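First subunit A sits with subunit B, and in the next complex the same chain sits with subunit C.
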Partner chain A sequence: MPSDTVAVIGGGPAGLRAAQTIAELGHRVVLIEQHHELGGRPIQENYAGITPHGEPAEPLLRRMAELVTTNPLAEVRLSTEVIGVRGEPGDFTLTLESVAGTETLDVGAAVLATGFQHFDPGRETQMYGYYEFPDVIALQDLEGMLKEHKVVRPSNGETPKKLCFVQCVGSRDRHIGNEYCSKVCCGVASKEAIEVRQLLPDCQVYIFYIDMRMYGYWESQIYWPAQEKHHVQYVKGIITEVLPKGDKLIVRGEDTTMGRPMELAMDMVVLSVGMEPSAGTRKMSRLFGVAQNKYGFVRAASSPLDPVSTSRDGIYACGAALGPADLEDAVSSGSNAATKAISFIRTRNAVAEGRDAVVTG
Partner chain B sequence: MPISGKKVDPTVVEKDVATVRSTISGREVELPAMWNRMFEPRVLTETSAEGFEKLNALPGAESLEWCYGCGKCVPVCPVDLVGEYGPRKLHRKVQTGTDLLADPGTWLCTTCANCLRVCPKEVDMIQIMPAVREAAIQEGNVPAELQTVFESTFRYGNALGANPRRRAAWTRDSGIHVRVLADDPHPVDVLFYVEDYWSYHPRGQQAAKAFVRIMHSLGVDFAILGAEEKTIGDSQRLAGERGLFDSLVEQVSATLERYEFNRIVTPDPHAYNALIKEYPKRGHTYDVLHYTQLLAPLIPKMHWSGTIEAKVTFHDPCYLGRHNGEYDAPRKLLQAIPGLELVEMGRCKETAYCCGGGGGGMWLDSFTRDYTSERLSERRVREAVEYGADILAVCCPYEVSRFEDAAKSTGNEDLLVRDIAELIDAAMGHGE
Partner chain C sequence: MTQSSAIYKVPDVAGHTDVSYEEKARLFAEVKSDVRFSDYLYGCYECGICVAACPSARFYDFSPRRIAQAAAREDVELIYQQMQEDIWECSQCFSCLRCPRGNNPGGIITIMREVSINNGLNSAKEALGGYSRIIYKIMSTGTQVSPDMLQPDAFPDWGPETGDVSNNLDLWRRALPSDTLHTTSTGWDVSERTLVELYLIWFHTGALSMIKDVDSGLHAILQEIMEERLEDEGIEL
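Moving on, here comes the complex of A and B:
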């Protein structure tokens, strides 16, 4: 009798919600996380607050993890990687590796929740000097500072008087190869801009953008308050390059509204880096034999109406393993992938027992 | 910085601001947008959001910062069509450090409300402009020609600086007796609030005479305040002189207190606007009609003795149309005139262009000339001609003189500019 267990690969928001859902629906789930703790990017990268409302990230993610670790049907394997996949849909055998050695795990289905990584601004074609200038940082670096309630210029420890965000770094770029919009950076930058304004009321905060992409309620939840209540200055015109001048950074771009060049001195520049498939997403896709899209994310087999099924039966994906996703997307698709995996196993059992199959997608 | 594998030290190139000196005003004007590319590139090198802090301290001016740069305002801004303007651009100027209280842009807006009509963020220039102008005036930044009008209004109770005792002089050759309440104070149905340009401007006086003849022939019981009348002063308020306006409210309401009337009828959409919107806020509520609203329901009583065989187009006054939603009454009147063919311009009703006279623009023509390629009234006259009109019909006292000047200056002398009252009066055969 094949296993009714579902494996969830990755313990970030999407994987946690998938595992929680599987266990709550009465199936055994094994959550496999390569790092030593659960929580994914928000924990590993020290997110201060989650978008859109800015509630502290760490307690929320810890609570999500607890809902999995305290469920008797869920088993969590930390610091563990999947290094082999054998078998066929409905009857897979995974080989797991940890410091304790290797072991095998029989599962009926698997959910890939392997997530994204932040675009590395050193790989940019734009000249933003992330690695050259200490005061050029990325969104997640600022998250770390905000979490400590201390935003200072890395170069000299001083409080910035002018700080700007540069949008679309590593996204929407044919040259880089990431032709997609990373979807969350406009909201995240605006949320961080609000947090900087609250922490440092004397610091002027600018956001340079091509076009603001505030999906749905983010418009009124983040963008409008950032502008109207927190006086964040949005400037239409992307920054082309960052140059040093004395102890300042000169951001050069086009003032699109007025149709003229700008060269503005800033104390700190925050690069709104986009999302790329994580190393884990690339590796697990190959291992599980599921198709990837040209950017390396898991390719949803029949998007948009079934966004979590992969090219291989019994293997589902969720969260940012599928492409840029915000937290709402991630947990929604986590639950979605969980129910798909369970319905796959139940259908398999029904067929084996000669009962009428429930419909699988 | 690695470029093609070689480390090249970057340098910053700063260029001077490109300006030209106006041959008219002698003022140095920064060259915006496409024009500056013909000179040295004008690089923006400094920004400061302090301008917004200053505006946010002025009640009413806060919403400029709400602009998110969609740009919908720019194509409908009447000033942008003849210059570089629009709320979005003002927002950007303030964002880059311009002190709006000392900037000429503060005086170019005609408060026509076309931007507010299309603005998704409700950036409200109708509130922003008077607030910013009031603060600018307090800092001593006010165009001289506008200051003169404020002083005339303060001293004489009218924008033209005319003798208040001669306010009813136009009635003498109107062909009928016009009752002045001070001389004959018994209750009256319609208090005809003539306002400045129908009282004093020669072309306005012709319309005033036409209007009283029409009322007379329709049996309307009406009277005027005569020398006791002072301007309602709404354009002075929008031009930044709230104090002057408030004092006029007190004087006007005290005068009105002394007489019994059912309703006020005025030809001036600006006065109409203030009487129905600003006066109630200050505790004075009246039944107020624009003169076209008085006449439209009386069309069945009008006896026509002639026809006006002409193509007529109508210019919606901003303060009757967009500000107060009255588009039908003037059109009904025009369409009632025998022989008259009403031809609508492309920009009409909600989308109507502005004559340039509102919000103090009436008194800023010389100032505005430095920043615009032509007058708004000239632009509008050319549009009327494009649509094949023989007559441009108006119903705001500012407009007859503005458009007649514009017809001459654009070489369109054949286009006649007539107040609707004049057209009705002629078709009813009253003549002069």
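Moving on, here comes the complex of A and C:
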């Protein structure tokens, strides 16, 4: 009899919610995480507050992980990677590797929750000087500072008086090849802008953007308060380059709605980097034999109405492994992939036992 | 480049003499400190719905969006420039109130105009210059438009009867039922007491000091006209 166990690859928000759902629905789940702790990007990259409401990320993610680690049906393998996949849908054998050596794991289905990585703003088409100027940082760098409640210029340790965000770095760009919107950066940058204004009331904060994409409730949760209560300056027009001038950074762009070029001296520039498929997402896609889209994310074979099934039966994907996703999207698709994986196994069992394929439990 | 402005060009102050950055900042602070300001400006989408609704924007290089934006960005250079020009191109119709964020660009302009007048900006003097005669007439007679302004050939589009009326003006006016309308050099009879009350209203609301800032000569004449009347009423200001 093939295994009823489901493997979840990746212990970020989507993978945690997938594992939790599988265990709560009464199936054995093995959560495999390559790092030494659970929580994914929010933990690895020291996110300060959750978008949209800004509540501290770490305790929320730790609590989410506990729901998995305390469930007797869930087994967590940290510092472990999948290095081989054999078998066929409904009866896979994974080869796992850790410091303890290699072992095999039989599973009926698998959920890929391998996530994204932040776009590297040091790429050659980018003229923002991320690796050149210490005061040019990225969203996740600022998250780390905000988590410590200490936002200072990396170059001299001084408190910034002028700070700007540059949106769409690594997103919506044909030259880079990322022709998609990364969905969350408008909200994350605005949330961070609010946090900077709260921490440093004397620091002017600008956001240079192409379009503000504050869908749904983010409008009144983040965008309006940022403008109206915290006086964050939104300027439609993207920065072409960052240049040094004395100990300041000059950002050059056009104030498009005012119809005039602008050059402003900044103390800090924050690049709102987008999402790219993580190395794990690329690697696991190949290993599990599921199709990727042209950007390297797992291709949802029956999107939009079934956003978690891949090109291969018995293998599901969720969260940012499928493309840019906010936390709500990630955990929703985590549960979705979990139920798809379980119904796949139950249908397999029903067919094997000669019952109707529709199984209730 | 100025201290906090995003402008990267020489400030255009509509041909008026430029003033220091500090003076512009002071004027904006006065605009911003007005109690109405926070109700007139929330945040700007820069969507342009106010411009689409604005009649003045169809005839002038005028944009209520730019007014709201400049105020939201606290761009004191641009705000000063607007106080020297743009704000006088607004007809104060408040069509711009259809803003989805609840902004009131026309209201911001109301405040900017008041600050311009109270500070005697050149643009205010120019824009209000034409009103000196009207203010004088109201203060001295209590009415603005009078029947004798109706000259036979002044308003040809009013039709052929206009000439006949103006030629026999006194007769036509006497035909009106109310005694107070039997006048030709004023719209109606206004008592001395009413003129004094009007003057006091202007004095206490600050309208007189606005007039003084914009046209000190006119203000002196008004004072002279009223001096004796105030004395008759036993009023000292």
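Heads up, the rule we're going with is that the second predicted complex is superposed on the first by the 357 of 361 C-alpha atoms of A that agree within 3 Å, B and C clash if a C-alpha of one lies under 4 Å from a C-alpha of the other, contacts with A are read in each partner's own complex, and residues count from 1 in each chain.
Criterion: a residue touches a chain if its C-beta (ideal position, glycine included) is under 8 Å from a C-beta of that chain, and two chains touch if they have at least 3 such contacts.
As the structure is a prediction and not an experimental result, all values here were calculated from the model.
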{"item": "Combined model on subunit A: subunit C and subunit B, fit or clash", "value": "clash"}
{"item": "First (subunit B), second (subunit C), both or neither touched by A:129", "value": "first"}
{"item": "Dominant contact partner of subunit A by residue count, subunit C or subunit B", "value": "B"}
{"item": "Partner chain(s) touched by A:280 [first = subunit B, second = subunit C, both, neither]", "value": "neither"}
{"item": "Subunit B versus subunit C as contact partner of A:2, first or second or both or neither", "value": "neither"}
{"item": "Touched partner set for A:244, first subunit B, second subunit C, both or neither", "value": "first"}
{"item": "Which superposed partner A:108 touches (first subunit B, second subunit C, both, neither)", "value": "neither"}
{"item": "Touching partner for A:255 - first (subunit B), second (subunit C), both, neither", "value": "both"}
{"item": "Touched partner set for A:13, first subunit B, second subunit C, both or neither", "value": "neither"}
{"item": "Set intersection of subunit A contacts, subunit C complex versus subunit B complex", "value": "204, 223-224, 227-228, 233-236, 255, 257-258, 260-265"}
{"item": "Contacting residues of subunit A [partner subunit C, same complex]", "value": "204, 223-224, 227-228, 233-236, 255, 257-258, 260-265"}
{"item": "For the subunit B and subunit A complex, residues of the former touching the latter", "value": "1, 10-12, 14, 32-34, 36, 41-49, 52-53, 56, 65-66, 68-69, 71, 88-89, 92-93, 95-96, 121"}
{"item": "Footprint of subunit B on subunit A - complex, ascending", "value": "127, 129, 132, 204, 206, 212, 223-224, 227-228, 231, 233-236, 241, 243-245, 250, 255, 257-265"}
{"item": "Residues on subunit C engaged by subunit A in the complex (per definition of touch)", "value": "1, 4, 6-9, 42-44, 46, 65-66, 69, 72-73, 78, 101"}
